[in-house]
Amino acid sequence: MHTKTRLRTLSALILASGMMAMAQGAQAQDPLKLGLISFYSGPVSGPVGIPSRNGADLIIEAINNGTLPAPYTAAGIGGRQIETVYVDEAVDPVAEYRNAVLRQGVDAVVGYASSGSCLAVAPVAEELKTLTLFYYCGTVRTFEEGPKEYVFRTMNTQDVENIAAARYVLATRDDVNTISGINQNYGWGQESWRDFSKSLQQLKPEVEIKSELFPKFLAGQYGAEVTALSRNKADLIHSSFWGGDLDALILQAAPRGLFKSQTGLLTTGGTALNTLAKQIPDGTIIGVRGNGGILAPDSDFNDWFRAEYEKKYGEQPTFPAYYMAQSVLALKAAADKAAAESGSSAPDMEQIRAALKGIEYDTPAGKVSLNRHNGHQAATELAYGTFKLVDGKPTLENVIRYQPNCVIAPEGAKSLDWIEAGFPGAQCD
Amino acid sequence: MMTFLAIVIDGFIYASWLFIIAAGLSLIYGVMRILNMAHGSFYAIGAYTVASLAGWYWSAGLPPYGGIVLMFVIALAVGALVGFVIERGVLRFLMDRDQIVMVLVTFGLLLMFEDIIKLMWGVQSYYAPEPYSLFGSTDVGDLVFVNYDLAMVGVAALVAFLLWFGLNRTRQGKLLRAVIHDRELAITMGINVRRLFVITFSVGAALGTLAGGLVAPAIAVTPGIGIEIIVLAFAVVVTGGLGSIQGALVGSILIGLARAAAVNLYPELELFVIYGVMALVLIFKPRGLFALASTRKI
Amino acid sequence: MTQKTILEVRDLNKAFGAVVAAADINIEVTEGEIIAIIGANGAGKTTFVNMVTGYLTPTTGTIRFLGQDITGRAPAAVCKAGLTRSFQVAQLFPGLTVMENMLVAFASLRIGTASFFTPLNNAAARKTALGVLSTFGIDPHADAPVSALAQGVRKLLDISMAMISGPSLLMLDEPTSGVAVDEKFPLMETVMAGVRQTDATIMFIEHDMEIVTRYASRVIAFYEGTIIADGPVAQVLDDERVRKYIVGQIQAAATADSP
Amino acid sequence: MRQIDYSFIAIVLAALLLALGAVVFPLWLLSTIVNIIAKALVVIGVILLMRGGLVSFGQGLYYCIGGYVVGLGGQLLGITDIVLLLVFAAIIGIVSGAVIGLLMSRFREIFFAMFSLAIAMILYGMLSQSQALGSTDGFNVARVTALGIELTAGQASLLIYLVACALAAILSILTHIYYKSEVGFACLAAGENEVRLQYLGATPNRIFYGTYIIAATLAALGGALTAINYGHVGPNMTYWTQSGEFIFIALLGGSGSVMAAFVGSTLFEFVRTYALEFAPDAWQLILGTVLVLIIFFLPDGLWSLIQPARSSARIKRRGKAPS
């Protein structure tokens, strides 16, 4: 019966909580609570979650101590120290996101490796008006399904690496006329194959598809798949396998010479280079979902990151490490920009969010500019290379770095339409 | 023809791997009436132990074939040990509980092991690829098969034979069969069931770790592989008939072939084929192909 | 009274693989009879009851009950037709109280869509249940949990549950087995007194010849799946094959395993 | 009789109190409670089956169906009215339960568990292959409306909360009626001694069939509520670990009473959330330990602390009648 009053009370509550968030922003002393969300348990934690967290921790530590290289030398985010709250993405993303924001009171969130999580969390982030940076998930649907105010993504979407892959094949392997695909049977795998095959057929219509395999995610055993691929020979085999599945595929394909007789194109192959150098045949095409990891361009910032990471964790940073770091840096860059613009040394979250729109900033993996989907979606360079074992050490030769405007749908265009229209307006030099 | 051959070979390779896992599961169920979810953890533990220890052995550059022996030894040993501890430490206190409760206990153990494994080995992947390429490969027509995989078929056959021999030709085995057939009767006959339980569970667990250990060289050992495997193994034993070793054998061959056929002929079916086969079998034989007799006296 | 046939068993055979559990069994039961079925363990007595009550399907042969063919019908159908039974080992619902057991028995006969809403514990049902309980003198235990009952009471409850549907033919599988020797007669007395209040015909399997002679009007003797004698008590018990194969055996066994 | 009345009053009071909570509870608690209620509804179904000795390792199937009905109802049919969506989900739940139940009611014990698991996994396979439905990523659910009125996020979450409370109350009462009904007891009896029940003239398969459909409907409603609350659905809802979670909760609460499901669900939610917060690297270890300890020391679930269990014998130990 008192629904009206209750409604009022509640809207008041929401407002209040919004206010509180701002109020907290205002007092520069208390730390900025940053939710760091990725897979810290289960099969995704090893290849993605933990390296990501390591990369982020490294940057956060440096931000707090003010030891980041230029231009990020000022300590803290708008003067505030970062206090990290880790949340495992492996369970109930929406519920745990709400808990992080509403109960643990994080001011901003950096995270999410799975497209499913991103799709589910985005509306909640909007509802709770909480600045949320997606660092790794690939789906194009996040922004194509509607504009967002509080959600940003600091890395390319999954379509981009497959468009670039198609261009790379065209550029380096004009002898490729038949292709096969082996991709995991879930959103990521299905869309990766769709975008790659469509793109390549756009660029080279005579290309013919031999076989399309979609083994179960985390199947682990690919004997039958390798057989099927070997029996139906193609010039090139595309795979967006990642982590353990990728390693298993490489290990099981190697002794059967699959990628020797048919060129392998591994869009996320970058993680396997060091561990499985002996099993990857020369000529295999390797991607890193962007510009990070082994394909990170030489720069002082990159050298610093690499050195610090090896010092801290005793291993080379793989690309997930780069991308979560890249996401945290976006926050830092925006805070600095906001500070400069507003003059105040302590910009609040709203000012930071405003500054994030369309920002362009430096990362260990090169320049990142949030210039898609009105300033919320990143566009970065994206590199591919061809594997070669040089006296026992894995190297990548004829590396090509694709400029965003060559492989990323222009503002306003839906990626799939853009592919099917034949990449109108693509600027590739 | 070539297709057919390919399906048969792939099918049997996959089946032998399935069988080694399923056999342990089925043995434990047959004797103890425990559908052991923690079997997935045993599989993972086997994979981790082999990947880490054998991995170290090979990187130390010691004689390769010794490594193969080592794999079997440590896989079986760690399995027997873990099995023993779990049976003595937990399960024996719950033997009078309902079957379903036992499923849930082992489900709890599965969850616990996930993190215990993480605490022991961390989340990074482990590799021990050397043995996989050690035996070279065989050409069948224009196809290449890895001898290590083909050897798996041999190992599975050996396991099957040893189980058959153990159950039918040894005194302990005969006692076990008595327990499988009718536990109450066996107890009244004065069989020391508790001792048999420990032995059974250790052997079953050892088979689980063996399967994990043998597959380790062909995969990256990462968190969660145990969880992935367990439902698959369930499908096999339920299809074949819980508690029956022949059942496990036939079940794994059936599912192995079905999967290989799907991948080679109708890739889009790969995802259902396993549960499809299981569902089909259960519709016609609700207790699986080789169900244990369970007529109730009134 | 009119000599109406209520059960008619023709050429009943049952084989479990090679084992023949019942061979050419022919029985005609007329209303009001009290028939004792005797035979050594494994003679096929329970198999016979299981076939008639639908738990086992005969390999060949027909079973007619009240004029209709019930061969191979499920126990539920047989029960509804008016043929119920009790069990050698009382078959109860251990998690429920005595009354609840009776109420479930009562509900089972009329379960339908409405039963999702009709409370089990309704006045009408309670009344019927209590009535039956008191005819067998166990109404004082009504609210006791089954797990707490003594053997004798368990047996009586088992029988009460079989009686609640008001059957025309009641089959008792060893009503006195499992109860102490000195309780056998009182128990049987209660059972007979209770059943006589209804017009149910009785067939009961029994090992104790004294009970047989005391209560039965007719005896059927089983041996290795066949009927070796069928007739008035005295005549059957005098038959020398019955003596040799059954009475002797049973007395031997009885002396052997009685404490 | 009297005792029943009390339970009804208790349920209604509890629901009203909970509803009033909307004014005082912090935001995060509201959606958490809806989440708890949604899961509890599924768990009640699991418990109903458990009383009959059937443990469904595939209740996620209907949880997922309910969720997708809501999602698709919004996307394809443009239905966003919260009540309509729930009714819609319930109907589909009944229908699918009635169809699949024809098969399921033939299975018992471990085979029932495994078969239900198989069916759920087949749905998982189909969903994760259908790109139209966003495969494994699932898709977002439009914000609900009430009587055609658009709502703000805040109003919506309040409405969802209140509807959840009402739903909880209604379904608890219905379930309680079932508990006390002839079928309810017959189901319990069937779990304890099926043969005897047949000899009393009942057909256990039919009893299980009916109960199965009820459980399916409850699960579908739980899924629908989750979808409305989360604003997102995905195939994970029918993955076997989700079904395992429901059984976990059922055991936690115990099958003693309808309320037990809510107790269990609440405890589970908080154990998991806080385990996740304070031991992000060992939350599974904690959950597993809790499960094992419960089975060891509280075989009748937490509810047995509040009210000593009597007739949940089936799940406690080998509930076979002496034979």
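The chains carry the letters A, B, C and D, assigned in the order they are written, with residues numbered from 1 in each.
Here, a residue touches a chain if its C-beta (ideal position, glycine included) is under 8 Å from a C-beta of that chain, and two chains touch if they have at least 3 such contacts.
Bear in mind the structure is a predicted one, so any value in this text is a computation, not a measurement.
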*Chain whose Cα centroid lies nearest the overall Cα centroid*: D
_Identity of the chain that, by mean CA position, is farthest from chain D_ = C
*Approximately how many whole Å separate the CA-defined centres of chain A and chain C?*
75
_Interchain centroid distance [CA atoms averaged], chain B/chain D, Å_ = 33
*Express in whole angstrom the distance between the two chain centres, defined as the mean CA positions of chain B and chain C.*
48
*Cα centroid separation between chain A and chain D, in whole Å?*
36
*Touching two or more other chains, which residues of chain D qualify?*
128-129, 195, 281, 283-284, 314, 319, 323
*Please set out, as single numbers or ranges, the residues of chain B touching at least two other chains.*
114-115, 118, 227, 268, 271, 298
*Give the residues of chain A that touch two or more other chains, as numbers and ranges in rising order.*
40-41, 185, 214
*chain D touches which residues of chain C in the complex?*
53, 55, 74-76, 79-80, 84-85, 87, 89-96, 100, 103-105, 107-109, 111, 115-121, 145, 161-162, 165
*Note which residues of chain B are touching chain D in the complex, please.*
35, 90, 93-94, 96-101, 103-105, 107-116, 118-119, 227, 231, 234-235, 238, 242, 268, 271-272, 275-276, 278-279, 282-283, 286-288, 296-298
*asked:* Using the touch definition from the top, list the residues of chain D that touch chain B in their complex.
replied: 50, 55, 103, 106-107, 109-111, 113-115, 117-119, 121-122, 125-126, 128-129, 195, 240-241, 244, 247-248, 251, 281-285, 287-292, 295-296, 299, 314-319, 323
_chain A residues within the chain D interface of the complex_ = 3, 6-7, 9-11, 13-14, 17, 40-41, 86-88, 91, 94-96, 98-99, 101-104, 114-116, 119-120, 122-124, 127, 139, 141, 145, 185-188, 190-191, 194, 214, 217
*Enumerate the contact residues on chain D facing chain A in the complex.*
22-23, 26-28, 31-32, 35, 128-129, 131, 134-140, 152-155, 157-158, 162, 230-232, 234, 236, 272-273, 276-277, 280-281, 283-284
